[in-house]
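Same chain, two partners: chain A is paired with chain B first, then with chain C.
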Partner chain A sequence: MSVARRAFIQMSVGATVGILFTPTVWVALDDVSIWTQNWPWIPRLKYGEVKSVPTVSKMCDSGCAVKVRTCAGEAFAVAGNEDNPLSGGGVCPLCANSAQVKNSPNRIKTPMLNGEEISWDKAKEVVAEKLDAAGSSVAVISGDQNGTVNEVFSALLADKGSDAFYMMPCDMQAADKAWTGLMGGYGQIGYDLEGADVVLLAGADALESWGPTVANLKAFAANGSGKFLFAGPMQTKTAAVADKWVPVPAEGMAAFTLGVAYYVLQAGMTVDVADFAPFRAMVMNDYSPAKVEAATGVKADRMAAIAKQLLAASNPVVVPGGSVAAHGAAFALNLLLGGAMKAVPEFGKAVSTAMSRSEMLNKDILEGVNADLLFVYEANPAYALPEQVKAGFTVAFDSVNTETTASADLVLPTLHGFERFDDLASPYGVADATYSLGVPVSKPSVNAACAATFVLGLADLGFETFEEVLEAKAEAVGADMDALAEGGAYVAPGETPVAAGLAANVLGKAAVPVKGSGALGLVPYTLLNVGTANRATTPNAPCTISNNQLLGDKMVVMMNSATAKQLGVGVGSKVKLSGGNGECEALVQVFEGVLTGAVAAPLGMGHTVGDEFSKGKGDNVYKILTVSSEAAAGASTWAGSTVNVAKI
Partner chain B sequence: MEERRASKRCGGVLPFIIGFLATCVLGWAVIPGLFFDKVEQPVWFSHAVHVDGQGMDCESCHYFRDDGSYAGFPTNEVCAECHAVDPEEAMEAIAEAGIDPSDYDAIMKAEIGAIEDNLASGDDDMMAAEREYVVKYLIQGKEVPWLNYQFQPDNVYFSHAAHKDMTIEDMAELKKELSDVVDPSVFEAEEFPEQNCNLCHMKDIHLNDVPPAFQRNILSGYSKMTMKMWKCERCHALKGQPNACYTCHK
Partner chain C sequence: MHVKEFKIKWGMVIDIDKCTGCGACMVGCQVENNIAPMTKSDPYNYAQALTKDRDDASNKLRTLTWMNVYELSNGKAFPEHETAYLPRPCMQCGNPACVPVCPVVATDKNEEGGIVSQIYPRCIGCRYCMAACPYHARYFNWWDPLWPEGMDKGLSPAASVRPRGVVEKCNFCHSRYMEAKNQARMDGEDPMNLSEGAYTTACQEICPTGAIHFGDLNNPEHAVHELHKSPNAFRLLEKLGLSPQVYYMSEREWVRKQGDNYNAGGSGH
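And then the complex of A and B:
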């Protein structure tokens, strides 16, 4: 036995030594080392032709003209489109991450009825039945400010005998109510920021979140000799790069603008409108610098200095933000100055029974929505307006899960912007009428469909598909569809604005600052990397959100040291903000660029539905906004919101 | 005493030598082959039919794009330039025939006119292969998952453009040093081909009729022909090219 064992051991030793003289062990070790580099969960690259395909992105309110980087037909990145004046090669923080959103696990993958997956045929059946039952009690809330998709939805409403078309709250609405509603003007107001020599941004955070931000930034960069002045309650990023920041409370913006108008009128400037005399009298009597200073805290000499700069300029412009009154006051001032404010003509309609843009902006969502059947298109009212919207049955169209899709009865996944035809007609703020087309650059990755084509299947609106609607739109615009598909824009110059009047009676009353009853003024502000009312932050953006907005999962609010001292808080203090009908929790940051007696809070956080990048990050400031009625202007506003702040 | 003697007799070097030789033989001749699975290409593609038969050249399918990137395997878009079956028309015909579009065998058996009328092959075997490609991939809008004999992992950046000006003739000067890297027979031709594909790819693949099986390493998943890093480095060193990590690992 022992002999066999010894021989076996010796043979084993020989075998072991022998194997070392072959490549087997060494090759196996090499293979194992490679094997450890190739775990199945490591993402694999897709190989194929890399292209840069022009289209539009509707992630931000304004929309961006972009070039989508694709590999083998799959979108993987977004860049600006230098061939389109809306972009000039730039892209906003939201649209920059649109490809990541397209490929996100947060996409809605199939139609869902009360949480159950259903087919598109079944979805159509359900909506058709609800539409029949609802009669004219149908409403639409659209998160798209400038797409022809709104024509399709509004034509559906017209077909049902309803005019309940709502846009999510936006400056475009306030501008339209002031310009078209109060002043009888024509077209959509635009601002030539590149051509102006003095720009007074009266509440418009133009280089961060207001209007066509990317085009604004390009104009700012190109306008090297122009003076940019920013008036607002907080030194925003726009204010930080402007030549001057004038602290003005949001609710006092209209009065401040009329205070500036006082000096302009005093200098003898006039406008050829019927109510010029009453307007002049109203400003000279009610908005004298002393009165404005008393009401807003803005020193008279500051208003005088601004008026002096505007009067000395050859092509000045005032760009408003906020309430209807603030817009009306700015438009009146622009008419007096005769500068770089433009009236942008609206393009012809593709769907004959659709509403005009101004008609679409007529209904005020802040006053509340109540309908038997509500269509929500790529908007998130359940997040931004939880108390204003009520409906018997809600159909939510969106490409990603949001608070609105979570609470809707029927959820219909829309194709992502890079998977569908879409368009971008004159986003609010552009100086020239601008039309851009979006074409699919990538195949649908989920069981989604085009919302507009779905709606066209519910009623006879004269078209079968949205692509046909866009062909008709391009024809109505007078543009060449093929040229548009290559990424260029059709541009028609903005016109000199003409108003029927200056709405003297209304402005006189509406411009009076009205503030809530809270201890501090609330300064809500938007950063596109944080998100908007409709779109949460995107997968690559959180690393760009600073500690002044988010620290860990806690929202950060900013106030100046005087306000902090008054409240007995300091940097890092945990506070509770109460306002409207809600509360928010936040950490304090001290920043001297906030008006005394005010607290600045970032909008767009605190999502309860969404992906890992937005859900549970910070708190939702929309909960603590106060809706106040601009009774004289027949509108509602969030300007003048106040909060009580308690240390916790 | 006897036991000890017996032990000495049997405990010589013989068992050691037997073990040594056995594993040497196994290690050189048998075990290396066990590391690889043979996997066939998804459809039969004959280079010979396309190159000899149709007069196509390498660049017809394997070309540099305008931006300098290399197209590698042809896409359906390229194949459809000759295999002109309209996917939409074919799918409509399949639906009309009441066939499930994912039931490839049924479609191939049904001899759908929209497909059959547009097949280009002359011989039955070739037509069967072409039909299989059309039904399984072209009309389905799916790219053929060709198996790449020279597969390189994602963490290796290889630029065909950077290597396209090398010639076999120039490299032949280094054939001794490159004997472990390049198939020596590549340097033995009387006249070197214009393209340098043979340096790294299967020799004379353009004449191949039945593609050889792809030999997949059972541990790493790589091709048996995957060029390992030391081979890249040797050639770079011999040609005075950089061998820094970032040269290939971006």
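And then the complex of A and C:
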């Protein structure tokens, strides 16, 4: 059939008109525009009964007492626990995101031996074999400062004839070395921040990261008339709300405290201890305000004014942070003032062969760890102490992937805090002995297990499961397990501290400021939303990290304008910081709240392993810290770290 | 200018002298309101090689922070320097600048309680409201919300997730208001006369220092009723006349002065 010209034109016009009138084309175009923009994946909300279940969260160093909000049994948010004095209804920014971390793809899903998935039975065989072979060359590094899990680990060490129990560096350790070690005191030091009328925070960033942060914040809020003074090298977040910020370099904190003690001694205050006379003589001769001013740069009249305020107060307290010497000096000053410092008695042990807390704090991880078999429990030494820790075979227990689990031989996934039994026994700093229990809120979402129960299976320690250990602990504490499980805390009042002496001869030498050889003082600081030595930042927290810490993927360091001028750098300058055995890259921010001649750098960034929220973000400041030996006090410290700063 | 008045006026009084800027309120807010963590890669984007990465949380122009903490400085050099932190939710203005500019009535102030609404399905993403809001309290979803694998299991039942292309903001945890009213009805109480603490926002609840006070500004039985009349209380950009329902408090004069920096000293522009 041939198509005539006319027929062809008729057909074309007909088709054109037809297309114009049929909706098919337009509907198809509309569909294309919609479907190409469609949401590929629509998150669906789960509805159901909403409950608040009390437990504890151990994301931050001291741990938070929380209530986990669940919907149809699934944890979705964290709220404070008003019934527990550690929380009083508040939560720290790390623990506030704990439910999200529980569901994070960064969780370790199953036991791994050198990168191969293995079963829990196989893992137990491997560890038992290594344990036999290692003899007494076994060590434990714990990232938990106040849990009974430490009793289980230390009892395992005792069973093997080892005492190599290490905690990650913390102020609790410096406090114990000063109080129990140097001054022969009893109990764990605590500070009644709520009851004190003048609080001198001598290096303790108490309202941001130090001690039981949330309890401190609650105490600060409840203490309506108390004056808070913050002494430190940087205007931290604590300083932002304190009544006064006194700029004091970290290495000069002990000398500064003794400088204040000078005036207190001059006012005739005494302590009934054997070495009071030598202590007084030491302070009056070696730490006169003029000498302290020359050594630390803190004006004598500043110290006089602080001493006057402390002396006029009816219940003052000095809260130290940093070196052992700084702690010793503050304890001596507190004893002179007779204020709100407390000695918190330790709770009874659940595992009879376990170490006491003071024994656990005895070994100094900064001096190095070397063992044939090393257990690391929820700590991240490969990130924070890369040079100090060596082991033939490392078993890392953690719930999420970290630098330490990545470099360990055997990785054992622990249950997330909301999936397990756990406890919080008197976090360092609380004024009263406080015991809280955590019970499982959710079912395990990965093939994880309780670390302590695993360890109980390796040796005969008298218990089968960690739950039994906690029952024994509650009994030893004298608390009712059911009341604890409902979120209440067992509280026994702190006692008046009594020391055998003031360690006059040691303090006199140890308090002398010792600084590194770098051009600038390094002020490392911790913000809980950025993370701690053991825990990286959490999924929702990066939004809260300010441009003063992180800009893009670059770490930001802060200095005042005088320091910046000295270095010839300005806002946004790219610099290299070198100190210790490492280097860091950073951008400069000018912040007038940093001591002249110092640079402030945030700890907790620069992870090389982990999720996208922390990995590759900023740089790791632990690399440039210098460990210096506090020879006189028999300890090591990071205070006095210095760096050289070069523009790049 | 017409300020809309209501019998119940939910408001905040934020004590800046108690705020340490820890960020717990920001985290609590994101969790409560299903604001997704910012992720660079999109596993559902099958043309990843052809498209650029999404923004992560380092790009503060693209983050969604209904509650945002600002750092203030007294502007003086060391050692006279002082800092303060200022948490900024939506001000729930009495005379909101965002409402009249919305071409589709996706945002309105018309409910008892005085909370400025945001109706996501109605929003066309023109962002006029964002331009109008002097407090930068409104946020645009530049990207679809995306939870890393498995994390969508733990979504909050309090807020539906919003797609890209719409504007969102703080609504004083409105679902908690509805729950509190329902609870009052169940308990045989008056839902229009909630007792203090019956309705709380996520940020207020989680704040470790209790810096955020929340309640009905008109109700003499609520703490904020007295607090917002304190001589140390102030509102941000008071002179713009938007009449925010969020008040701040500080004993520090420099902080109070910065609260109204638009017309500092009254000289104006």
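Definition applied: the second predicted complex is superposed on the first by the 608 of 648 C-alpha atoms of A that agree within 3 Å, B and C clash if a C-alpha of one lies under 4 Å from a C-alpha of the other, contacts with A are read in each partner's own complex, and residues count from 1 in each chain.
FYI, contacts are C-beta pairs under 8 Å (C-beta built on N, C-alpha and C of every residue); 3 or more make two chains touch, one makes a residue touch a chain.
Values in this document were obtained by computation on a predicted structure and should not be read as measured data.
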{"item": "Touched partner set for A:Val50, first chain B, second chain C, both or neither", "value": "both"}
{"item": "Touched partner set for A:Val152, first chain B, second chain C, both or neither", "value": "neither"}
{"item": "Contacts of A:Gly80 with chain B and chain C, given as first, second, both or neither", "value": "second"}
{"item": "Most chain A residues touched (candidates chain B, chain C)", "value": "C"}
{"item": "Partner chain(s) touched by A:Trp35 [first = chain B, second = chain C, both, neither]", "value": "first"}
{"item": "Which superposed partner A:Leu520 touches (first chain B, second chain C, both, neither)", "value": "neither"}
{"item": "Partner chain(s) touched by A:Ile545 [first = chain B, second = chain C, both, neither]", "value": "second"}
{"item": "Touching partner for A:Ala221 - first (chain B), second (chain C), both, neither", "value": "second"}
{"item": "Set intersection of chain A contacts, chain C complex versus chain B complex", "value": "44-45, 47-48, 50"}
{"item": "Residue ranges of chain A touching chain C (in the complex, touch as defined)", "value": "39-48, 50, 71, 74-80, 88-93, 96-97, 99-100, 102-105, 207-208, 213-214, 217-218, 220-221, 235, 237-241, 245, 247, 445, 527-529, 538-548, 550-553, 560-562, 591-596, 611-613, 617"}
{"item": "Residue ranges of chain B in contact with chain A within the complex", "value": "3, 6-7, 10-11, 13, 15-24, 26-28, 31-32, 35, 65, 67, 69, 71-72, 75, 143, 153-155, 217, 219-222, 228"}
{"item": "Footprint of chain B on chain A - complex, ascending", "value": "2-4, 6-8, 10-19, 21-25, 27-28, 30-32, 34-35, 37-38, 44-45, 47-50, 72"}
{"item": "For the chain C and chain A complex, residues of the former touching the latter", "value": "17-24, 26-28, 30-32, 34-41, 44-45, 56-60, 63-65, 69, 71, 73, 76-85, 144-157, 160-161, 163, 202, 205-211"}
